[in-house]
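Below you'll find a set of structures to go through.
Note that subunit A is present in both complexes that follow, paired respectively with subunit B and with subunit C.
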Partner chain A sequence: MKTAAPRMSGMERRDRRFALALLSPALIVTGLLILYPMYMVVMLSLREGKSMNFLESAGRPLGFGHYAAVLTDPATWASVTTTLIYTAGSMIPAFLGGFAFALLLNEKFPGRRWLRSLALLPWAVPGVLVSVLFLWLLDASYGIVNALLRDAGWIARDIAWFTDERTAMFAVILPTVWKSLPFFTLTILAALQAVPEELYEAARMDGADKVQRLRFVTWPAVRGAAVLAFVLNTLWAFREFDIIFATTGGGPYRATETLGIRAYLEAFSYFEIGRACVLGMVMLAIALLVVMAARRPLQKEFF
Partner chain B sequence: MFDLSSRSAKLVFGTVAILIAFFLFFPIYWLVISAFKPNAELYRITPTLYPHDPVLTHFATAFGRGNLLQQLRNSLVVSCSAAALNTLLAIYAGYSFAKFRYSGRRLVMVFLLSAQVFPFGLLLISIYPVVTSLGLIDSLAGLTLSYIVFALPVSTYMFYSYFTQVPSEMIEAARADGAGELRIFHTIVLPVSIPAVVTVFLYGFMWSWNDLLYAMTLIVSESKRTIGPGMLLAYLNEVNSDWGGAMAASIAASAPIVVAFAFLQRWFIQGVTAGSVK
Partner chain C sequence: MRELRLGLAAVLLVGLVLFPVYWMLVTASVPSHIVLSRQPPLLPQWNDMSFAAFTGVLDRRPVWTWLVNSLFVSGASVVLSLVIATLAGYSLSRFRSRAQEASGMTLLVSKMLPGSLIVIPFYIMFANAGLIDNRFALVIANTSVGVPFATWMMKGFFDGIPADLDAAARIDGCTRLQALLYVVLPAAKPGIAACAVYLFIVAWADFVFARTLVTDPRLWTVTTGLASFVGEHNIDWPGLMAAGTLSMLPVFILFLLLEPFLVSGLSAGSVK
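Presenting the complex of A and B:
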């Protein structure tokens, strides 16, 4: 709280009213389209019985029937595992690659600015487009990836990346890494550019080698931005829908059926709204765990 | 930062740079050249690394097939209006959070951001009836309104973060001169906030342009279909064999984003940077 001692209380009251007036349009829309739907998901997860109709569901008795059914269903836990593998499998390489690329773009070399602009593209284009592109790159008959691997002699037969149970997870992770790597690069690069060159000079004078400079000069400077980017991207990957839905639809044999896909299918294909909402609550719980784990650095970054 | 004088350092630097650059840019390159290859060249067991015989037929078929042009126009209308609406709502809310002190301010903000962890797909279960009761189902207006869900929380935060860096003395001085609060915002704060406005507009535009799920669910009529579901229906099915057309349509679908970024990128990077690094 700022100490605006000489200010009159009437003035402050006017201020507060003005501040609320500024806030209210956003609040009304948020309430209608975000908070109310969130509340409904919680409520519907607690309504017993199956019903296709949203309004009819709302009138049913309360209970934990859906929770019991969903949480004892092995398919749920299989989806949890799938989601975690997908999220970690795409975020860790994207983070490391994005970090490395940021370090490289921080160096001065010809074409750097050009490269930086171009690097943003994968992040900005629609997920559907990314899906179409990777389906083509990894196409079983005419895909360039199979052709290159064949030429290199690493595979004897073409791989049907998206429809083979064993490779489907890798196939959906690849476009996810491609799409999220630039965001890491952008945010970490911005933090890197705020580090004064003198700091490195001083560390060099003190006899710090490359690894030590990275650890004691670079990392502390970018840690905040890196953690924030990692958490935001993880939450994003955690509820990613477009890429998986458009490429495998969760298949083959549920190999890529993450919680987000599963919840969508329950709600809009099987009309099991109660079950879908419980799955949503499971997702929320896991997401909150992630946020709690990163609470301290997040707090430092956000406020 | 690295000492690049030694040969081994140069080698490592170069190798990593090339590998990541290849991973990032080769798919883009392949997308572009595939759109210009004739079918005979496209469907070869050993692909050619550049179009030996470039043609424009895929663009003709992509635009001739279905309603690509209409879908692009629908997407443009929805994305621009959603981005404008989002910017308008977020800028006032962000200013309110940044420059005024009142109880519950923080709580509201945390609440707003917590919506980010909620799976968007599930919100549809009740956004659908909300939009229906407003009489906006299967309309571009309803879709525009529902896109607020994606971008508003983070946009508000971006503005908040930007406005905290605008010196309060500027505002205090104007207040002392007796200027009204709205006037202060519009004549003093807004002119120095253009980078943030551009960033948030672009951010909102991007979310709306890239959406698949909401457009797929809230729009039924073919004449109102946007580019996401349009491409899904045309090219992402078991029987698609028109990869050339798919690549040509992809180029058309990414063009607005690429153009927007090309023009506004400098500001965008400034804006995102202000939000993520303090």
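Presenting the complex of A and C:
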């Protein structure tokens, strides 16, 4: 390899050294705060047994005991299902809603710019505050949502949205949709605005109706952006912690216990670091599958 | 006519989307007996307005302390991440190296890493370093999240600044570093501002690090503080909504000031 590389001039060598110097703090952060912790997670997942002291694991033998225990535990697979339901249940409506919203905001009407900025606001609201807002809206005794549903005559008795096993999943999905919808709207809107008006004109001349224009003009133009937004949002929802933890904490009766919540509880409530790290590895493996499935759109964005 | 109808539909939808925020503001600014009722009014009377919930919650809970802690942690991690990311982003934009491919990969990996997983090794690392219950632990943890996406964003912004600018500065006698500091950075100001806002919004929202790496209530950030209301027997809703309103203020101000930059950066997609 060395002989094949062209000789570097002094100038180029100084360029390289400068480039590396600028890069080095970021390399240190990446190495120390991303790669090394990931290595630790792998090692911790392989340490057999359990120690009451969080910090003592180095002495224990390596093995796949935690993997065997976690992967044969039906609770793990229940959590996998819960995570998938939560992710799909929030991302599909958020995507459709965000798309429809983007189509609307792409039309011309007065005050459009202001509305667009306002519609973006939920994206900036911290997850814990989102949780608190929806806990209040959906409160069992004083929540405005119950009051409105009662007024409309749709419910006879109050619903305890977050504490009833049957509604808890819906109750955590709602704030997730609320928080992620603006991101879809914005990225899809940006792509829509890049579609030249002439394309629609031409389609109209050819006699295409509204649905056909949406299908054959709009969709191909925004597909790339829409798919990328969907993948990134899915990865986000998949590892989402704040909203569920601050509302239901995974309950009631594990109804909303996603893998992320489960891993955290194993580590910091039951001190089962090994199990927690195996659950984390399961999450990473699933996220990796998502990334592999979406290789094409991601490749364009990140490489 | 069509414009008007569309406008109306958009106003209604945005109104619906913003309803949770509206209801927070209403709950925080009317007397509690009005909202803690079976029939809370959607549009309360103007002369019912009262700031009792704000004064009450500020008396009972150290909300200011939480806000100051959050400001310190977010501010410090924004500055730290921004400096590191600006240098790295410039390097990646101007000099081809293997790090270029690796940086996209790093960003992707950091998007896959769950916060509730990475906090486990962080806890062990910081405990060994004696940094539990130390705000610097939170600064470092938030920096680890901020650097990958901020680097990628800054690279994008530098890519938009022609390299001829650096070359011209070099010909005029600048060193490489001077060209960056005095010529390129000023041109990148809007990008740096947008990047800072993102970093701030992300750090301000952090909950998993703040909850895990800090236990001393005096060091709580505003997210841990807000979460501490939940699970109490009788939740003080007006007080909680007042604290929530205060916690949104910095984000809201940044949002209004920098909205034009935000839209361009968000659509680049690196943030989620």
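We adopt the following convention: the second predicted complex is superposed on the first by the 282 of 303 C-alpha atoms of A that agree within 3 Å, B and C clash if a C-alpha of one lies under 4 Å from a C-alpha of the other, contacts with A are read in each partner's own complex, and residues count from 1 in each chain.
Following the convention adopted for this analysis, a residue touches a chain if its C-beta (ideal position, glycine included) is under 8 Å from a C-beta of that chain, and two chains touch if they have at least 3 such contacts.
Computed from a prediction, not measured in an experiment: that's the story for all the values here.
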item: Superposition on subunit A - do subunit B and subunit C clash or fit; value: clash
item: Touching partner for A:Asp139 - first (subunit B), second (subunit C), both, neither; value: both
item: Which superposed partner A:Asn233 touches (first subunit B, second subunit C, both, neither); value: second
item: Which superposed partner A:Gly111 touches (first subunit B, second subunit C, both, neither); value: second
item: First (subunit B), second (subunit C), both or neither touched by A:Tyr200; value: first
item: Which of subunit B and subunit C A:Ala255 touches, first, second, both or neither; value: neither
item: First, second, both or neither for A:Thr30, with subunit B first and subunit C second; value: both
item: First, second, both or neither for A:Lys210, with subunit B first and subunit C second; value: first
item: First (subunit B), second (subunit C), both or neither touched by A:Gly224; value: first
item: First, second, both or neither for A:Asp242, with subunit B first and subunit C second; value: both
item: On subunit A, positions contacted by subunit B and by subunit C; value: 15-16, 18-20, 22-23, 25-27, 29-30, 33-34, 36-38, 40-41, 44, 54-55, 101, 104, 107, 115, 117-122, 124-129, 131-137, 139, 142, 144, 147, 178, 181-182, 186-187, 190, 225, 228-229, 232, 235, 239, 241-242, 245-247, 259-260, 263-264, 267-268, 273, 276-277, 279-280, 283-284, 287-288, 291, 301-303
item: Complex contacts: residues of subunit A adjacent to subunit C; value: 14-16, 18-20, 22-23, 25-27, 29-30, 33-34, 36-38, 40-41, 44, 54-55, 101, 104-105, 107-112, 115-137, 139, 142, 144, 147, 178, 181-183, 186-187, 189-190, 225, 228-229, 232-233, 235-236, 238-239, 241-242, 245-247, 259-261, 263-264, 267-268, 273, 276-277, 279-280, 283-284, 287-288, 291, 298, 301-303
item: Parts of subunit A lying in touch with subunit B, wherever the complex brings them together; value: 1-2, 15-16, 18-20, 22-23, 25-27, 29-30, 32-38, 40-41, 44, 54-55, 97, 100-101, 103-104, 106-107, 115, 117-122, 124-129, 131-137, 139, 141-142, 144, 147, 151, 178, 181-182, 186-187, 190-192, 194, 200, 204, 210, 213-214, 218, 224-225, 228-229, 232, 235, 239, 241-242, 245-247, 259-260, 263-264, 267-268, 273, 276-277, 279-280, 283-284, 287-288, 290-291, 301-303
item: Subunit B - residues contacting subunit A, complex; value: 1-4, 9, 13, 16-17, 20-21, 23-25, 27-28, 30-31, 34, 42-47, 88-90, 92-93, 95-97, 99-102, 106, 108, 111-113, 115-130, 145-146, 148-149, 152-153, 156-157, 181-182, 206, 209-213, 217, 227-228, 231-232, 235-236, 243, 246-247, 250, 253-254, 257-258, 261-262, 265, 269, 272-273, 276-278
item: Contacting residues of subunit C [partner subunit A, same complex]; value: 3-4, 6-7, 9-11, 13-14, 17-18, 20-21, 23-24, 27, 35-40, 42, 83-85, 87-88, 90-92, 94-95, 97, 99, 101, 103-125, 127-128, 140-141, 143-144, 147-148, 151-152, 176-177, 180, 201, 204-205, 207-208, 212, 223, 226-227, 229-230, 235, 237, 240-241, 244, 247-248, 251-252, 255, 259, 262-263, 266-267, 269-270, 272
